[in-house]
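The two complexes that follow have chain A in common; it is paired with chain B in the first and with chain C in the second.
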Partner chain A sequence: MDTVIENLVHQQLWTDCKIYNEDANLIRGTPPRKLHPEDAQISSEYVLVSHMRDSVSVRGYTKTFQSVHDASRVVHAVIAEDSTIAYYIVYKSLNPPRRN
Partner chain B sequence: MVSDDPFFNSTDSGSGPGIQLDGRFLKTTTNKGYNKRAKDVYVLPLPFSLNSLPALIPHNPLSVFMYTVALLSKPLRFTTQKRHKAYIDSTSQGTPGAFVPDLQSAMELWQQGFFGKGTLSRSEPSWFGRTSRRLGLDGGELTLEEITEARRAKRRKFKKEREQQQLLELKQKQKEGVLNPADANLLDKNEKKQIEDNENNAADSDAVVTKVRKEDTDLIKDGVIEKLETLHLHPCEAVFLCVCLGVLEIDGIETIQQLLQTFFPEDSDWQKYVVYHYFRSLGWCVRDGIKFGVDWLIYKQGPPFQHAEFAVSVQPSSGRPDWWWLHANMRVVNNAKKAMTLVYVTKEERPDYTKISNVAAFRKALSQYTVKILTFSRFTPSRCRD
Partner chain C sequence: MFTLPVISGTVYIYDVEVIKYLREKYNIGGVLSGILPQYPQQNKFGGLPLKLSPEEALYLLETNEFEFFDDTETHLDEYKEKVDEDKPDTKNGQSSTTSNNKVELAVLSKIPKRSSAVKLKEPVNSRYAVYKYLVQKGYFVLPGLRFGCHYMAYPGDIMRYHSHYNVLGLDYDEGIDLLTMVSGGRLATSVKKCWVIGAKNPETEETEAFSIEWSGFG
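For the complex of A and B:
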């Protein structure tokens, strides 16, 4: 979690990053610009943290979305062996693709 | 310009010789110049230097004398110039591998063989320079991350202009009365969006990124930016540097046995190392392949010089290739103009670490493993006729 917070703040330039829910591995913070061009404005986002060696399951995501009840998406940060962090945006339901 | 230029993966070539960033001028067409500079910086292929003996001319007694003195005073094989120091993140969720906190060590390990990755950078530890410049202090040369950011800012600007253009076209159609319902819908949506954008004007502008945040002011102590970034070494890199080159010292690790138990707990970890060691010992620069969904990327010289030619995937020697995986990954690898190399290690189990007490035993253990290589490149009949 600390690795991801440090990365969000100092590499991706997010602000106000804090641990939101320790047990659910969730961070809350604000990105420097809109994550999706259709967003009305910059809003604070939830970031789920996991390692490459952790397995991913629908049950896991369901739990995550239960702990962030008001949000329709979370950012999933996956830490790799070489300390690269890959970020994915996970939506609760269908989401139209963004224009390239 | 789809190129081997390490700065640009694929960019517009029609926009003049360069892009403007932060008042500095970036040349996009100086691959050669950059390589020349790279050759000056990246002189040593590995982090040690050889001791060369003076020329021996048998009929010149002075040369014989100098030769003998040199032979006796310096160890014959090589000198390890410096022992770099690293530590392990021992928290339960800690990233595997070792961290090098000293900036000088980090730069040397990067420049001499391209070991490690800056914890706050894509590869080369460049956070300090980037941040210094962002906060208006001098930060030296532009980093790769900043060049990418400049390209993205340009793309965002283009998208915004395209949107406005579209809006104008739709309005024109509306005036002429030839607007169909789908377009009317789009116009409505675009107009709304534009109003929104104007309302929170700062929302999408780059000014947000260059603004100094509270997080930044916390970094500055006595007018100096705290050096936050460390170099992270992959477990395989750490073992290679410790055992094979002898230039790294890891806090709390006393023996080779302990090192292997810490870094390669699984058979698959050891297999990955065998492949790493194999390519390193043949002179390739080996880097983690996570960005392309493979185990390793191998470079002829290193990332600043050219793109990796091969994506290396370590396969279980008993299994058959998984065609679904191969087809999927092949596309990714092929799009980046790389070939897919499947590597089979003939023995699956890791050696008994308790028997590896010195470098000779380590070498002996490695010699029990054979590496077999199979390379795939994608063949598209209509495109591969030249």
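For the complex of A and C:
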């Protein structure tokens, strides 16, 4: 989690990054720009942290969304052995792809 | 009530009107699996019959508007007949009478033998829940092989729209390798789609789904 916070703050230039829920591997922070072109404004986001050797399941995501209450999306950070980090956005139910 | 033929566990539809009806009322596109006689060398556009996937067949069965009958034997008979015709005729004198009998037999065998116990190929259970979830939301669902998933979901008729989702139908606790998520999400995002995983919650019987796209950074 600390690795992801450092990456968010120093490489992706996020602000106010804090551990939100240690047990659920969740961070909360604010990105420097809108995450989705159709967002009205920049808002604070939840970041789920997992390691490449972990796996995801529908139950797992459901649990994650239960711990972020009202949020409709979560950023999923995946750390690999060599410390590269990939960021994906996970939406609850079906979310149309972005138009570009 | 429509009656549809099942050949070796698969539903094939030979009637254009039925195909149109399925498309308009149930968002079921199926796959045209015949060739176009004028252009036998291409496979971009198929002709009759329309082949239904196990999911589509089961979905139609559940609407109670369709019944199925086993038509396998008719097709086998016709196949055998064609093979026999190709064999060189040794008795020249009797050829005209035997071919007349053959025609009569062929007509008789075309009357299908109806039975209530028709064996349909069964879809994978966990996937079917996700298939149903998509169709009931109004999506057209096609097989997902070309994009490395189980289903491709189109927001409307497949001739008018590009697909929106590459979907995996899973068990609720089925673990997905993160490398699979990364490659699925990356591929879908690069072709302007979303990668979706769905499963039926065994406790609530509701189907839950999540859409995943690349964030645009990192």
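Basically, the second predicted complex is superposed on the first by the 100 of 100 C-alpha atoms of A that agree within 3 Å, B and C clash if a C-alpha of one lies under 4 Å from a C-alpha of the other, contacts with A are read in each partner's own complex, and residues count from 1 in each chain.
Operating definition for what follows: contacts are C-beta pairs under 8 Å (C-beta built on N, C-alpha and C of every residue); 3 or more make two chains touch, one makes a residue touch a chain.
Since this is a predicted model, take the numbers as computed values, not measurements.
> Chain B versus chain C on the shared chain A, clash or fit?
Fit - chain B and chain C, as placed by superposing on chain A, sit side by side.
> If you stack the two complexes on chain A, which partner ends up touching A:42: first (chain B), second (chain C), both, or neither?
first
> For A:15, is the partner it touches chain B (first), chain C (second), both, or none of the two (neither)?
After superposing on A, A:15 lies in contact with chain B but is clear of chain C.
> Counting only touches as set out at the top, which of chain B and chain C does A:7 meet: first, second, both, neither?
So A:7 meets both chain B and chain C here.
> Regarding the shared-chain residue A:81, is it in contact with chain B (first), chain C (second), both, or neither?
Once the two structures are laid over each other on A, A:81 reaches chain B alone.
> Return the chain, chain B or chain C, that is in touch with more residues of chain A.
C
> Using the superposed model, measure off the angle between the directions from the CA centre of chain A to chain B and to chain C, in steps of 10°.
90
> Can you give the closest approach of chain B to chain C, taken over C-alpha atoms and in whole Å, for the superposition?
6
> Residue by residue on chain A, keep only those touching chain B in one complex and chain C in the other, then list them.
Correct list for chain A: 7, 11, 51-52, 86, 99.
> Can you tell me which positions in chain B touch chain A when the two form their complex?
Of all residues in chain B, those touching chain A are 93, 95-97, 117, 119-121, 127, 131, 159, 193, 196, 200, 203-204, 208-209, 213-215, 228-229, 232, 234-235, 288, 290-291.
> What residues on chain A touch chain C, complex-wise?
The contact residues of chain A facing chain C are 7, 11-12, 35, 50-59, 61-62, 75-78, 85-100.
> Spell out the part of chain C that touches chain A in their complex, as residue ranges.
137, 153, 155, 164-165, 170, 172-179, 181-182, 185, 188-189, 192-194, 196-199, 201, 208-218
> Within their complex, state which residues of chain A touch chain B.
1, 3, 6-7, 9-11, 13, 15, 32-34, 37-38, 40-42, 51-52, 79-84, 86, 99
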